[in-house]
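Next come the structures, one after another.
Both complexes shown next keep chain A, but they swap its partner, so chain B is in the first and chain C is in the second.
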Partner chain A sequence: MTMPLRASTLMTGAAIGLAVVAAGQALGAEPEATYRTFFGFDPRTSVWIVAELHLLFAAFVLGVPMFAVITEIIGVATGDARYDRLARDFTRLLSAAFATTAALGGLLAFMLFSLYPGLMSFLVGVFQLSFYIYALLFFAETFTLYFYYYSWDRLQHRKSLHIAAGVLLNVAGIAILGISNSWATYMMSPSGIDPRTGAFVGTLWEAINNPLWNPLNVHRLLGNLVFGGLVAGTYAAVRFLASDDPAERAHYDWMGYVGNFIAMSALILLPFAGYWLGREVYSFSPVMGNNMMGGAFSWTFIIQAIGIGGLLILGNFYLWLGMDRIPGAERYQPFVKFILSILVVSFAIWLTPHNLPLSSEEQVRMGGQYHPTLKYFGLMPAKNAVINFMILSTFFSFLLYRRGNVSRAVPFSRQGRWAKGITLGVSALVAAYLLYYGLWLINADPRMLDLGPEKQRYFLLPGYALLGQAAFVGVAVLLTFVDRGKPGQVLLFAYTALNTVFVLGIYGFVVMAEASPLLRNLAVAQWISLLSCIIVNATIDVFLFRRAEHLGALRWGRMPALSQYVLILLSMWAVLTMGIMGFIRSGLRENWHVFGVLQDTSAWAFTPTNAYAARVIGLCALIFFALVFVAFWLSELGEKHRQTAAAAGEASPARPA
Partner chain B sequence: MVVSPSPGARKASTVAVFVLAVTALFVYVGEVVTHVSGGVVAQAPVEGVSAEAGEAVYFGKGKCSTCHSIGDRGSAIRGPNHGVSAQFDTPMGLRAEERARERSQATGRPFTATEYLVESIVDPGAYVVSGYKNEMPLVYRPPIALKPDEVRAVILFLQSLGGEVSSEAIKLPETILRAADESRAAPWAPYLKGDPQAGAALFFDEESKAGCARCHTVNGRGRDVGPELSTVAGTRTPQFIVESILQPSAVIASGFEPYLVETRDGRYRTGVLKARNDRGLTLKTERGELLIIPAADIREVAPQETSIMPGSFADDLSLTQFHDVLAFLLTLTGEDKEAAAGKGAANGKAQASSAGGGHAR
Partner chain C sequence: MRDRLQLNLFWRAALFYVVVFYGGLVWLFPRVSQWAVEAPEPLPLPAAALSMYWWLLLTGLFIYVSSSEARRQAFLHPLYRWFGVRGTRRRQALRWGVLVALPAAVGGMFYWDGLPRLSSPAGIRSQHPTMPKAFAKLANPLRHLSAEQVRAYQATLVARGAADVPPEAARERLVAQLVGEGAGLYAINCRPCHGMQANGAGPMARGFRLKPADFRDPGLLPTVVESYAFWRVSKGGPGLPAASTPWDSAMPIWELDLGEEERWKVLLGEYFLSGVGPREPEKLP
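What follows is the complex of A and B.
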C-alpha cells in the first residue's frame, strides 16, 4: 500500500531533477539551434500532446485534494462518516496520478528545453528563480500529501489538525498552479518589456503578475475543482456500473452525487471567471481579443460553447434523474419541462454563430449575409443573456433537488440568531456591492471609456437596474424574516431573470450600437445581478429547510444506468472542453512564442484547423482516460492487498508479547 | 471450453465503447465546424502598393477587419464601419475629408483627407470617433508589424472607398519608417536548412515520394498539370509555399480550380476545367489526360473546394525531405534560371513536359 506513494515521490524527485538538468543543458546549448524535432515528428504537436496530458493530470492532482478536503470538512460538519471515507478514498487515488503527473511534467520540461531552446532560454532569463521555487513547492506538496494521507488514522480524533494538513496540501498545490500559470500567461501578456527593444527590463514579480495571471488563476482554480468533482463522479459511475451488490451501488451512487454536486457548484461560477479572463485578454490586446471571438478562433468558440452548454445541460439532466431516488421530489417534476425548454432554447442561441461563410447564391436566398432575425443571436448581448439564463435555471434545478426530500419549510423565526445573523450579513454585503456598482455606473464619467458626455445616459439603465436588484434583495430578506421566505425567493428569482436576461440583455443591443465600450460594464452588471440572486437565495434556502422534516429515506443506488453514463459523459465533456479552451488560449498568440516579443519562426507557426485540433484533443482525452483507469485499477489493487493482509492478520493468532 | 467475460468486464467494455463514441462525436464536431467555416484560409502574399494590395492587408495580415466592417461586408463592430452604414452616411474615403476639416479646426493646422488617414494609423488616439474606445493598436508595431508599404497600401484602399486615390499624397512619418527598422519580428526562416540539390532530385524524380514534376514544370522540365513553378520563390512568400505543399486546398491557384462532372451514365470525373462551351467541356485529370465530355453526356458540373493535388505530403515526406524540396523551391526566384532549374537534378529522372491535367496552387 505504501509503494505507490513512495514511487510517486521518487518519480517526482527524478522528474524535477531531470527538468533542472534539462534547464542547465538548455542554458549551455549551442546558440544557433532555435528548434529541433521530436525524433522526426512535428515538435509542436508533440509538445501539445504531452503538455495537455500533463495539465489534465495536474488538474486531477490539484482538483482532487480540493474535493477531498471539502468532503472531509462536510463529514466533520455533518457527522456523516461516509464523507470521511470518500475523502480518504480519493486521496488514495492521488498516489498513482501524482507519479504520472510528475513524469509527464519532467518529459514536458525535457521536450521544451530540447525542442524550443530559443524560447526556453528567453523564459529562463525572465523566470529562473521561479523554477527553483516551483521545485521546492513540488516537494512541499509531496510531503504534505504524505502527511495528509498517512496521518488519517492517527489524527482521526484531531480532525482540525488533519484538515489543516489538507489545506496546506492545497496551498502548495495552488501555489504550484500559480507559478506555472505565470509562465503560460507571460507568453500571452508579457510585462516588464522595453517596448523599443523588446528586452525584458522588469522584475520577476512584474513578470509573474502579468495582466492575465490572476484571471487565469481563478479560472483554472475553479476549473480544477469542477474537474476533481467530475472525475470523482466518473470513478463512482464506473464502480456503480460494475457492481451488482445493492450496498455498493448505494455507496457509489452517493459518491457520484457528491462529486457532481461539488462540480456543479463550481461550474456555476466558472463562466464568470471565463468572462473575466476573456475581458482581460481584450484589455491587454485588442488584436488578441478580436482574434479570440471575431477572428481565427471564432468558430473554435462555437465548439467551446457546445462544451459549456453541454456541461450545464448534462448537469441538470443528472439532477433530474436523481430526483427519482428522492421521496417527495415528484412534486417538482412538472418544473423540469420548463427548465429544459429554457436550457434548450438558451443553448441554441448560445451556439448560434454570427457569421456564416455563404456562397452568393445562399446569401441571395437568405436575403443578405446575415439572417434577418438569427443575426442578433450571434452577438455578444444575446450570448450574455442566455448564459445567465442557463446558470439561473441550473441553480433553480439545484434548489428543487435540495427541496425534493423535505416536507415544508421551517419558519425562519425559529431558526435562531445565527441563521438570522448570517442571512442578514450575507444579504447586506451583497446589497452593498450592488449599490456600489449601481451608483458607480450612474455617476460614471463616460470619458473613462473614451465616450463623449452625451453617452452618459446609456450608463443609467444598468445602474438603476442594479439599485432595483439591491431593493429586491432587501425585499426577499424582509419577507424571509416574516416567515415568507419562499415568496421572497420567487420575487428575487423573477426580478433577476427579468433584469439580467430580458432588460439588460436586450439593452445590450442598444449599448452595442450606441456606446459599445460600455458593453463590458453592462455584462458585469448582469453577472453581479445573477450572482447576488444565487448567493442570497442559496442562503435563504439553507435556513428555510434546516431541520425540516424529511419525507422518507433517499433510495441510494436506485438510479438507472443512464445516469451513470451521464456522469461519465460529464467528465469526458469537461476534458474535451478543457482541451478546446487550452487550444484557444495558447493559439491566440498566433506566430509568437511570447506575444509581440519573441516570434515563432518555425515551420509550424500557423494556426491548425479546428478539425486538426479536435483530433489532437480527442487523442489526448483517450490517453488521459486510459491512464486514469489504470491509476484507478492500481489503486484498487493496493486496497485489495491491504484488505487481504488485514483479514489475514485478524485470522492469525496474536503474536506473543 | 469458451469462457464468457465477467459482468464487470462487459460493463468495462461498454464504458470503453461509450468513451470512444463520445470522443468520435467530438472529433466529428471539429470536422463539421471546419467544413462549415471553410477551414484554413491561407492569405495570399501581398505584392506592391495598390488599393487591391491594401484590401488584402485589410482583410488579412493587418487584421483591420476584425474590428472594422465595410458596409455589409464583415460583421465587426468594435471600430467604426468604413463603409456606409446606419451610423455613417459616407464611406471612409469621403468621410476622411470631413474628418480632415475637423482635425484642422482642432489642431489649427491644415489637414488633408490623406493626412487624416495617415494620422489615424500612426496615432489612433489623436482622434477617436464618438462612441468608440481608444484601443486601436499601432499596426506598424508587433504583433501586427505592418511594413511601410503595407501601411501605404491600406491607406490607398481606404482612399478608394469613395475618395480620391493618390499614392503621392501619402507621406508616412518617421515613426513608421523607424519602426520597420526596429521591428523585432524575426524574418521567416525554414525549420531546417534543407539541401536544394537533394530537393531538386526529389522534385524531378517522378518515382520519389515528392515527385512534384509529375504535375509541375520548372524551366520546361516536368508536366503542366499544376501551375508552373519556375519563379515561384520570386512571387510567393516562403510561408505560402509551405502551406501550398502541406494544405493544397487552402488556396487554389486561379485557373486550376477543380471541377466534378457527373455524366448521364452515372460516372463522376474530376479535373481542372480547361475549356467549356455549348458543345461540352474539357477537363485535365490529375494524370494529365485531357477529357472531352460532350454537353449531351453531362448531368451536372460542380466546382470543388478540394484541390486535386495530394494533401498527404506532411505524412509522405520526412522532415528532411520536405525541407530539401522547400530549399529547392526557394531557389526558384527567376533571377537565375539556370541555377533555378537545379543542377543537382541531373541525377533525377526529369521528364519531358507533356500535355496533362492541371491542379491547385
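What follows is the complex of A and C.
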C-alpha cells in the first residue's frame, strides 16, 4: 500500500527538479521563437496529448480531496462510520493517480521547454517567480496528502486535526490550480503589455490576474469536482461489477451513488461558469468570441454541447435506475416520462446549430442558409432557456429520488426552532439578492453598457421578473410555515420554469436584437432565478422530510448491471467533453502562442480540423482510462495486502510476553 | 374492455416513435414552419437536423423503457413471448422471417443511405469566419460623433448661411444626414441583392442559390460587432481567409468601389433599414 505514495513523492520531486532545470535552461535561451520536433513528430500534437493527460489526472487529483474531506466531515457530524470508510476509499484512489500526475507534469514541462524554447523564455520572463511558488506548493500538496492518508488510523480519535490536514491539502491543491490557470489564461488574454512595443511591462500580479483567470478558475474548480466524482463513480462501478459479495456490492453501489451525486451537484453550476468564461472571452476579444461561437470552432462547440447535455441526461438516467432500490419510490415513477420529455426536447434545442450542414437542394428549398423556424433554436437565448430547463428538471429528479422512501411530509410546525430559523434565514438571503439585482436592473443606466437611454425599457422586464421571483420565494416559505410546504414548492417550481425558461428565455430574442450587451445581464437574471428556486426548495425539502417515517431501508447493492455501465459511460463522456472544451479554449488563440503578442510561426500553427481533434481527444481518453485502470489496480494491490495483514493479525494468537 | 384496448409498453414505444418522428418531425413541423413564415410550400427539416433528432428520440425511448425494472420487463415481455415460446410451425416460420427481415431492413437502410447518388453533398458552413485582427479594434467614426465633428458641422452650416444651430440640434441633424447618405449608398449598391427592407429579398436575390443575408435576422447583425460587418463589406466573398472555406458568397469587394467613410456610412444605413443595432463591444468588468 505504501508503494504508490512513496513513489509519488519521488516522482513529484523528480518532476519539479526537471521542471526547474528546464526553466533554468530556458532563462538562458535565445528570446526568439524557435521550435523543435518531438523525435521527428509534430511537437504541437505531442504537447497536446501530454498536456491533456496531465490535466485529466490533475483534475482528478484536485477534485477528489475536496469531496473526500467533505465526506469525512459528514462522517464525524453524523457519527456514521461508513462515511469515514468512503472518504478513505476516495483518498486511496489518489495515491496512485498522484504519482502519475506528477510524472506527466514533469514530462509536460520538459517537453514545453525543449520543443517551444522561445515561448517558454517569454513566459519565464513574465512568470518566473510563480514557477518557484508552484514548485513549493507541489511539495506542500505532496506532504499534506502523505500525512492525510497515512495518519488516518492514528488520528481516528483526533479527527479535527485530520480534517485540518485535509483542508490544507485542498488549499495547496486550489492554489496550484490557480497558478497553472494563470499561465494558460495569460496566453489567451495577456495583460500588462505595452501596446506599442508588445513588451511585458506589468507586474506578476497583473499577469496572473488577467481577464480570463477567475472565470477559468471557477470553471475548472467545478469541473474538477464533476470529474473527480465521476471517475470515483467509475471505480465503484467496476468494483461493483467484479464483486459477488453482497456487503461489498452494497458499499460500492453507495460509493457510486455518492460520486454521481457530487458530480451532478457541481454539474448544475458548471454551465453558468462556462457562460461567464465565454462572455469574458468575447469581452476580451471579439475575434476570439466570434471564432468560438460562430466561426472556426462553432461546430466544435455543438459537439461540446452534446457532451454537456449527455452528462445531464445520463446523470438523470442513473438516478431513475437507482429508484428501484428505494422502497416506495415507485410512486414517483410516473414523473419519469415527463422529466425525460423535457430533457430530450431541451437537449434537441440545445444541440441544434444556427447554421446546419445543408445540401444545395435544401438551400434552394429553404431559400437560404437558415431554416426559417429552426434557426431560432441555434441562438443564445434559446440555449440559455433550455439549459436552465434541463438543470431545473435534474433538480426535480433529485427531489423525487430523496423523497423515494419517506411516507409523508412532517408538518413544518413540528420541526424545531432552528429549522425554522435556517429556512427563514436562507430564504431571506435569497430573496434579498433577488430584490437587489432586480432593483439594480430597473434603475440601471443603459450607458454603462454603451446603450442609449431609450434602451432602458429593456431592463425593466428582467428586473420585475426577479422581483416576482423574490415574491414567490416569500409565498413558498409562508406556505411552508403554515404546513403547506409541498404546494409552496410547486408554486416556486412553476414560477421559476415560467420565468426562466419561457418569459426571460423568449425575451432574450428581443434583447439580442435591440440591446445585445444586456443579454449578459439577462442570463444572470435567469441563472439567479433558477438558483434561488434550487436553494429555497432544497432547504424546504430537507425540513419537510426530516424525521419522516421511512417505508423501508434502501436496498444498496440491488442495482442492475446497466446502472453501473451508465456510471462508467458518464466518466468516459466527461473525459471526451473535457477534451473538446480544452481544445476549443486553447485553439481560440489560433496562430498565437500569446494572443496578439507572441505569434506562433511554426509549421504547426494551423487550426486542426474537428476530425483530427476527435482522433487526438479519443486517443487521450483511451490512454487516460488505461492508465487509470493500472493506477486503480495498483491501489487495490496495496489494499489487499493491508486486508490480508489485518486478517492474519486477527487470526494469529497474541504474542507471548 | 379498457385492458384489452391498452397496448403493452413495447407497442406503445413503437407507436410513440412513429407518431413523434413521422407525424411530428416529418409531417407537422414543416407545415407549422410554412404557416409561421407564410412560405409557399412546407419547409421540411434538413436531413442533418432530422438525423440528430432521430438518434435523440431513439436514445430517449431506450432510456425510458430501461430506467426501471418494471418497464424493462414490460418492454421485453412481448419479445420473450414472441421468441421464447416454441409455438406452431407457422409461428416459427414467421419468427425466422422477422429475425432475417429486421437486420436485413436495418442493413438495407444504411446501404441505401451510403449509395452514391446524383445529389450535392451536404456542406458545413462557418457562420462567422475569423475576422483579421487588424479589423477587430476598428470603430465606426460616424456612430458616436465627437464634439469636434459636431462643431465642424456647425461651422459648415454657418458657412452655408444657416442661423446658429445649438450643438444638440446640430448633432441630431448630422446623424440624420449621415444615416440618409448611408441609406442612399445602400440603395445604390446593396439594395439589388439585400432589398430595401434589408431582409435579403432584393430584386436580384432570386438569382442566387444561397439567398443574400437577411439583416433583419436576429441571429445575424446583432451577434457581430460593427467592425466585423465593416470587414465583410470591405473584403466581400473573395476576401475571406482560406480557413473560412467552404463559403458561398457572391458579395463583391466593396473597398474597390467605395471609400472608407462611404463604407462606414453604408453600415449606418444598413442598420437603420434593418431596424437592429450592432453588437456593442463588451467591456471587461
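We take it that the second predicted complex is superposed on the first by the 639 of 657 C-alpha atoms of A that agree within 3 Å, B and C clash if a C-alpha of one lies under 4 Å from a C-alpha of the other, contacts with A are read in each partner's own complex, and residues count from 1 in each chain.
Here is the rule we use: a contact is a pair of C-beta atoms (placed from the backbone, for glycine too) under 8 Å apart; a residue touches a chain by one contact, two chains touch by 3 or more.
None of these values were measured; they are calculated from a predicted model.
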* Answer with clash or fit: chain B and chain C placed together on chain A by superposition. => clash
* To do: Could you say whether A:L321 touches chain B, chain C, both of them, or neither, answering first, second, both or neither?
  => second
* Asked: Now for A:Q128: first (chain B), second (chain C), both, or neither, which partner does it touch?
  -> neither
* Return first, second, both or neither, reflecting whether A:S285 touches chain B, chain C, both chains, or no partner chain. => both
* To do: Once the structures are superposed on A, label A:Q156 by its partner contacts, choosing first (chain B), second (chain C), both or neither.
  => neither
* **Touching partner for A:Q599 - first (chain B), second (chain C), both, neither** => first
* Asked: Between chain B (first) and chain C (second), which, if any, makes contact with A:L374: first, second, both or neither?
  -> second
* To do: With the two complexes superposed on chain A, say which partner A:G198 touches: chain B (first), chain C (second), both, or neither.
  => first
* Could you look at A:S413 and tell me whether it touches chain B, chain C, both or neither (first, second, both, neither)? => neither
* **First, second, both or neither for A:I617, with chain B first and chain C second** => first
* Would you mind listing the overlap between the chain B footprint and the chain C footprint on chain A? => 285-287, 290-291, 294-295, 299, 354-357, 368-370, 378, 449-451, 512-517, 590, 596, 607
* Structure fact -> As the complex stands, chain B meets chain A at residues 7-8, 11-12, 14-15, 18-20, 22-24, 26-27, 29-31, 33-40, 63, 66-67, 72-73, 75-78, 86-87, 128, 130-137, 141-144, 182, 184-192, 239, 242-243, 318-319, 323
* Asked: Given the complex with chain B, which residues does chain A contribute to the contact?
  -> 35, 37, 40, 195-198, 238, 241-244, 285-288, 290-291, 294-295, 299-300, 302-303, 306, 354-357, 368-370, 378, 449-452, 454-455, 512-517, 565, 568-569, 572-573, 576, 590, 592, 595-597, 599, 601-615, 617-618, 621-622, 625
* Touching residues on chain A, where the partner in the complex is chain C -> 211, 279-280, 282-287, 290-291, 293-296, 298-299, 313, 317, 320-321, 323-324, 330, 333, 336-337, 340-341, 343-344, 347-348, 351-352, 354-376, 378-380, 449-451, 509, 512-517, 520, 560, 562, 590, 596, 607
* Which part of chain C faces chain A closely enough to touch in the complex? -> 29, 32-33, 36-37, 39, 43-49, 52-53, 56-57, 59-60, 63-64, 66-72, 119-131, 133, 136, 200, 209-211, 214, 217-219, 222-225, 227-228, 243-244, 276-277, 279-284
